[in-house]
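Encoded as structure tokens, the structure appears first; notes follow it.
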Amino acid sequence: MITLNHYLILSGCLFAIGMYGIITRRNALLILLSVELLFNAANLSFVAYARYLGDLTGQVFVFFTMVVAACEVAIGLAVAILLFRTRETLNTDEINTLKW
Amino acid sequence: MNLAGFCSLLPEALVIALMFVVFAADLFLPSIKKRLGGLTAWGLTAILACLLWQGFLAGGQKFGETFQGTFLCDPMALFFKALFILTGIIVVILAREFLKKADKNPGEFYLLILSALLGMLFLASANDFILLFVSVELVTVSFYVMTAYLKTDQRSVEAGIKYLILGALSSGMMLYGISFIYGHTGSTHFDAVRGALFGMTSAPPLLLLGILLLIAGLGFKAGAVPFQLWIPDVYEGAPIPVTAFLSVGSKMAGFAALLRICVSVIAPFDKKWALLMAVIAAMTLVYGNLGAIPQKNIKRFFGYSGIGHAGYLLTAIAAGGFSGARGVLFYLLSYAVTMLAAFLVVVYCSVHLESDDMSAYDGLSRRSPLLAGALFLSLLSLAGVPPLSGFFAKFLVLSSAVEKGLIWLAVLGALNVVISLYYYLTLVKRMYIHPPAGGVIAVPLSFQIPLYLLMLGIVGIGVVQGPFVRLAASAVSGFF
Amino acid sequence: MLALGWLILFLPLMACLVIAGTTLKHEKISAWIACGALSLSFIFSIILFAVLAAQGFPTLQSTVTILPLEHLRLEFGVLIDRLSLIMLLVVTGIGSGIFFYSMGYMKEDKGYSRYFASLSLFAFSMLGIVVSTNFFQTFIFWELVGVSSYLLIGHWYQKDEAADAGKKAFITTRVGDVGFLIGILFLSSLSATLGKQTLDFQALSELLGHPAGHEFILTAICLLVFCGVLGKSAQFPLHVWLPDAMEGPTPVSALIHAATMVAAGVYLLARVYFLFILSPTALSVIAGIGAFTALIAATMALVQPDIKKILAYSTLSQLGYMVMAAGLGSSSAAMYHLVTHAFFKALLFLGAGSVIHALHTQNILEMGGLFRKMPVTAWTFLIGFLALAGVYPLSGFWSKDEILTLAFTVNRPLFWIGAGTAFLTAFYMGRLFFTVFLSEPKWKKEPHESPRVMTTPLLLLAFFAATGGFFGLGTFLHSHYDQAIAWNFSVVAGSLTLSLVAILLSYLIYALDIPLLKPFEKPFSPVAGLLIKKYYMDDLYDVLVKYVQQNFAGLCDLFERVVVVKGMVNGTAQLTGWAGDRLRCLQTGKVQFYAFAFSAGVTLITLFWIVLR
Amino acid sequence: MIALLVLIPLASALAVLLMPQERQEEIRKITFFSCLATFFISVFVFLSYSAASGGVQFEISRPWVESLGIRYHAGVDGISAVMILLHGLVSFSGAMVSRSIKERVKEYSIFFLILVASIFGVFTSLDMFFLYFFYEMAVIPMYPLIGVWGSKNKEYATMKLTLFITGGAVLSLVGILTLYQAAGLQSFDLIALQEHFAASPLPAATQQWLAALLIFGFGVIASLWPTHSWSPIGYAAAPSAVSMLHAGVLKKLGPYLMIRLALTLVPEGTKFWMPIVAGLSVVNILYAGYCAMVQKDLKFIIGFSSVSHMGYVLLGLACLNQTGVSGAVLLMFSHGVMAASAFALIGFIYDQTHTRMVDELGGGLGNRIPFVAVCFVMTAMASSGLPGFSNFIAEIMIFFGAWQKYPWPTLAAVFGILVTAVYLLRLVKNVFYGKEKVSWPALKDAQGLAQKTPFVLLLAALLVFGFFPNLLVRNIDAGVKHLIAKNPSIFEVTP
Amino acid sequence: MNEAFFFYLFSGLTLLAALYVVFTKNPTYAVLSLVAAMFSLAILFVLLHAYFIAVVHVLVYAGAILVLFLFVVMLLGVGREEPASKSQRLYRIFGGFVVVGFLLEIGLIIKAVSSSAQESPTILAGTIEAVGKLLFTEYFLPFEITSVLLLVGIVGAVVLSRREQMPAEGQYLPGKAAEGGRSKQV
């Protein structure tokens, strides 16, 4: 029997993996990819709740999340391109002009 | 949708309209292009007038709900909207000054300012997590673009990518948190969530985690420790009008959401969060104020000091209740007016002195008494010195903390006043004591007028506190 | 009648204010105002004396309250009785003489008006002590006397020595005043425990009629009040200021450091004698200190070359006599000697002033043979000298012998000290007189007799110095607290003999230049060195001031700079700055770290707030 | 009437703000006349305050922030009548002395007038909020006033001064807020609170920590050891008019606010701390006195001397009896005037010689500037507590008051007058007496009414109240009696 | 039984793909494996009866977002990541601690949740119709805002990625002058 908890644990795992990706990856693009994992963990959680609550709002929320994610990715990629243009690297380790 | 509903949406609608006008003018009317800044500023002023009229009509009552209650036009929302639009006007003036020098294509910049502003306006009225999330994202996404706007400037781009990554992380957190709240209450509607919370005898841990993640996400905007690390870097790298907008608009938006969540959603769990909030507030206070001491770059400096101010606001939120909420509103009012005045000076200096270093302010009082005087007033107000508005704001905040028995936090806040006074005075020292670093700086009338008005505001709010306290009180009284 | 008392008191103050306010530029007028005011006071004193004599000298008192404190009224008033009447006469009388003398002596001085203003202020302060009705008022004027003497000693403030001497006088006497004030504080609380908190002399004397079991506190009070006397009357160990005070103009030395101010201490002893007799311990201490001061001052006077300093040490010695007398149980004997001493010592000082005026030096070794040149001065000086030496029938004889007789009956060791001092006194005065007037002339410029305005006071004073013993002052001042003194012929004869022998010796040595002292010079040279060095008292104080006080102050300053400012204040500031500097190291500029901190923050908060709750 | 005391300087500041910078003479005139006007008003208030009827007079009460219960409640009682007179006197003299300021006159005048107004504000307010409001407001003009127009080490000094005082102030703010909340009256009104707390006192423990916040918070500005170190250096760096106001008046806000707040609202707590204050005040007296002995800079000497004298004030306050507290208030007045006079005189010399170091001045100035020298000697005498000046009366009262309660500290304090005499006489001797070792050809004595008036005025006040102390003590006693009547339990009533 | 099988299959797949995204050195592979994760996630959505969302999910993520990613990856020619530096290893270790901690916390918290909420009361179908109805009534306003959001996205992307001529040497660039020669111009 698959319960809500299964889905929640799964989404938790996804979220954790995404978080780990953001912390450890150095390529700006891959960090953005990890962010997508975060969003989708939340999406999964929403949909699972929607299913077990018998309420469609969760699914609607996911719809909005996707739009937002799309926008963020669009901007994110644009900034990544700019970054590459100005510094010829996407390595976030090297992007530390602004500090202290 | 009835007429009242439409009326309550009026400012947002007008901002959207203004966006299209700007967009269209930018694309099709090259003759107007030069005057886009003025157009936007005047447009926003008109909208502000309209909003004030709306508030006047409302007279402290809830004005209306639309879209099944997801959009709420209550006094608190109006209060915030007025502040947001005021911020918008000033930021447009700043942007115009900045862009003149930067030789950029201004159309889309104004568009982005307006879209961020629009997000804030919706945020102030949001009564549903979906609307909240979407409007927060509208604000954030606009800011991503604006931060990285100086495409050829490494620092601007660096700020952009940092803001983007961390912003996305915080959005993810917030989203994840909202999902738990939704899951445990079965609704994303604030009223329904509150109702469900009221019905619970004990809070399920997962719901608490949800609230925590939500607060983390909003705390990111507000600049609460430990979610504040982006602030100094992004403030420093961003184009300076954007820094101003971030430090006033975005921070206010964060607090608007946080406050609404606190007073209208998780109010039943008030007590549980008080200590957590107090600890966060304490850390934020200390971090911001200590960090500001060694700063040399004015934007970064304001970044840190802004974190310090977030600490005071969080103190009021931790204190909670009516007086806490009132304190937050008054503090934000004072903070907005003061910060905008400060940024008017800072941006003007940054553009005309071509430096963001604090040493550029040496002897400013000789070079331009007006600029120095305005910055002097605003710095002292930020430090919380009577008879300026910042003093009364801190007074209210500390008072609310004391009222809730958070004496230790009040003492900490009080001591931080001293630290903040120290670093603000170092800047004052540069302006008034150090010998001037150059000739006289002329200030055009278009800058003088808002500057004078804001200075008047700083002093006026500080001296005649009554009406403003009443305003802040009436904005939150509905929740208690 | 009391109105007259008030008038006597305030006339000099008026003079001072008028001079300071309006006539600073007009020197002649200033001088006349000052002299006129004090002479008026003198005349009023005489009138007062005469009128009261007709009434049999009743005790009169009038007070105004200047400050009604919680349980203590601080009052200000005029008390007229035998004691204060005599003192009024002495102060205003001798004072007027000296004022007039100053008109001649201070001629061509730059601060002429200022001088007379200060002099009037001094007269006012001194009169205030004389007519004082209570301890508080006494303390006020006590301090004022200190101030005015500071101003007068430092009159030639451009001279470093004068400025230093003024400072030294003020501070040394203030040391005594501190004790005095503490004594007053003790007294106020003692009177409170006895029933009525008061500082009034008359009220206190009634209140202290039956002081059951407060011996210790009374002794403490007496000794503390005596501290004030130590300072003002320059008793050991606070005597060091008086010789230095000779840096002031000579009339000032005559007035305040011989006749009046230094006598204030003795006067206070007499005034509050009701207090002192309650504590035999205190009295014996007082007597001892007086005798000791008398002796060491006399020895120091032996070797001084400076004419004024010899007189100063002589004053110290005589004051010691008076204090000893009071300590031995007779305030009237002390007062008696005070009055006679006032006359002859003022005379001696003015005479010395006249000599200095003529020769412009104070070193007796540069004088000599003036007897012919300045006859008036010489003759009057001789009278003063003999009076001081206690030669019959001059005034000094009577008063001194009263004291010696008293000592003989009460305390034999002190008598021997007193007798020795008498011998020394006659000797050093002989040395002074014979060296200055009868030895070989050593001056270069021909000296002349002083002008009339200076010699007239000399003559007047000489008259009183000579005849002072015949007015029956001793009995007039006798109060019921005093020991009765029985006339003892052997004592009198003995002391007179001693004096005469000493004078003869000094005549042989100094006038006729017979080297009698030659054989003693070698073995006694260390003693002479000790005397010249004033028993190293000044050096001791120098060490105290320079090393102890200055080092302590330096230590405080060091503590201030190092611990308070550098450590606590700047330390806190630096710590805060350092913390800020460390804290911003968190801001590494690396976005991953920020993300890490963000996630770690959330995780930790979750841990503490939800999981571990 | 008394609102004018605040309004006139503020309005003048505004007027100056609107004047063009170049018209210095007019700006000076505005400052002068505004201070003259407030001086007259303060004298009027002082004279027409009726000690016989006592209590609060000239009361004004207007709602200000109603939702918080803040009212503009102003009034004068016996104590504040005296303090108002002090401030009127010192600020007027300060305004006259300020003529020596030659550059940036406009800014100077604005800050100066704000300072004047806010101190008047403190002395007239009877509302906790406004007390604090004006108190903090007074601190801030100090920063530029010292920082811009000061001398020698001014940046460090002004920062230190500002931070210290603000630090003390904010601590007391927490105390004030707690009192407000604890009363639950929704009112900051002192009189209402006083009655409330008299009827239902706070628990002892609460009173104790509240009193600690208030006493040690305000103790900073009263330069209570060890938080005094801002004071000498601050005065040394400040221009003379500012030193005058600061040492003369602003410093007195500490004890004044202690009386107003700590003593009236948390009496038991205050009583608890007072022995410690007494102990520290003795440290103040002796420690600062000894520090003054080795200073080389004239202003440092007077600065430490003021720290030392504040020790007497605090000692008087600590004894909590009528004599002591009245004496403390009287000394606040007397020392205020005396310190103002001292700083004015030093400023006068410094303006011409540009040095304040005793060695560099070289001594013997008395010959060259007799008027100033005489004034200085008088000031020094007033400071060392000689009769004829009101300082003497005040110190005597403090000694009598303290003697009943703290005999040992009193002994040390009495010894302090000797220490004072030592360093002051040394100062006088080294600067004014002796031979002229350095020649100051340009040094001129005070000439004309404009230069002489401030000194004469201040010294005349000291003398007048020295001879007729009851003029002041009458009013002070009325105020203190009122205090005692409200809190009989904490005041020692001697048999 | 079926459901459980599919759940475990696709959740396992999702997790594996996600882990690959995070651990692979090659960006291209990472993008592609994220596509796989999205697909399996979509199937899980179907299992949860969110049909419309599942479809949109595939379209938006796999069809749009990840293609965009791929483009950029190709465009910028980002190769393999450099070998991990020392600090990088530290991040991995401590990041691992944090993430595992977070996961454990979530696990504990979820375990503590009572089972009452777990039963699905009704079967509801997330059809286009049902979701659309909600979108255009209750959530019309957010829906409209998303249009502005998208506009901003478009404008932003255009503004940012549009190339423009570099400013002439020595010309002032606001916000940059402060740090002097530190930034290299490209």
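When the chains are written out, they are named A, B, C, D and E in that same order, and each has its own residue count from 1.
What we mean here is this: a residue touches a chain if its C-beta (ideal position, glycine included) is under 8 Å from a C-beta of that chain, and two chains touch if they have at least 3 such contacts.
This is a predicted model, so every value here is computed, not measured.
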Report task. Indicate the lowest number of steps between chain C and chain E, counting one step per move to a touching chain. Result -> 1
Report summary line: Those chains that touch chain C and also touch chain B are A, D, E
**Report entry** Chains touching both chain B and chain D
**Finding:** C
Report task. Look at all chain centres (mean of CA atoms) and spot the one farthest from the centre of chain B. Result -> C
Query raised in the report: Quick one: most central chain, C-alpha centroids?
Result: D
Query raised in the report: Most remote chain relative to chain A, going by C-alpha centroids?
Result: C
**Report entry** Inter-centroid spacing, chain E versus chain A (mean Cα positions, whole Å)
**Finding:** 3
Report summary line: When centres are defined as mean Cα positions, the distance from chain A to chain C in whole Å is 95
Requested in this report: Find the geometric centre of each of chain C and chain D from their Cα atoms only, then give the gap between the two centres in Å, rounded to an integer.
Outcome: 36
Report summary line: Cα centre of chain D to Cα centre of chain E, whole Å, reads 67
Query - Shared interface positions of chain E, touching two or more other chains - result: 91, 95, 98-99, 102, 105-106, 109-110, 113, 117, 139, 142, 146, 149, 152-153, 156, 160, 179, 183-184, 186
Report task. Indicate the residues of chain A shared as contacts by at least two other chains. Result -> 4, 8, 15, 18-19, 22-26, 31-32, 48, 52-53, 55, 57, 60, 64, 68, 71, 75, 78-80, 82, 85-87, 92-93, 95, 97-100
Query - chain D: positions in contact with at least two other chains - result: 163
**Report entry** All touching chain pairs, where touch follows the definition stated at the start
**Finding:** A-B, A-C, A-E, B-C, B-D, B-E, C-D, C-E
Query raised in the report: Within the complex, which stretch of chain B touches chain E?
Result: 16, 19, 66-68, 70-71, 98, 101-103, 108, 111-112, 115, 118-119, 122, 128, 130-131, 134-135, 137-138, 141-142, 144-145, 148-156, 183-184, 204-206, 209, 237-240, 297, 350-351, 354-357
Requested in this report: Could you please specify the touching residues of chain B with respect to chain D in the complex?
Outcome: 365, 369, 376, 380, 385-387, 391, 395-396, 398-399, 402-403, 407, 410-411, 414-415, 417-418, 421-422, 425-426, 428-429, 432-433, 465-466, 469-470, 473
**Report entry** Complex contact set, residues of chain A against chain B
**Finding:** 4, 8, 11, 15, 18-19, 22, 28, 31-32, 35, 38-39, 41-42, 45-46, 48-49, 52-53, 55, 57-58, 60-61, 64-65, 68, 71-72, 75-76, 78-80, 82-83, 85-87, 92, 95, 97-100
Report summary line: In the complex, the residues of chain E that touch chain B are 105-106, 109-110, 112-114, 117, 137-142, 145-146, 148-149, 151-153, 155-156, 159-160, 164, 166-167, 172-179, 183-186
Report summary line: chain C partner, complex, touching residues on chain A are 19, 22-26, 31, 92-93, 95-100
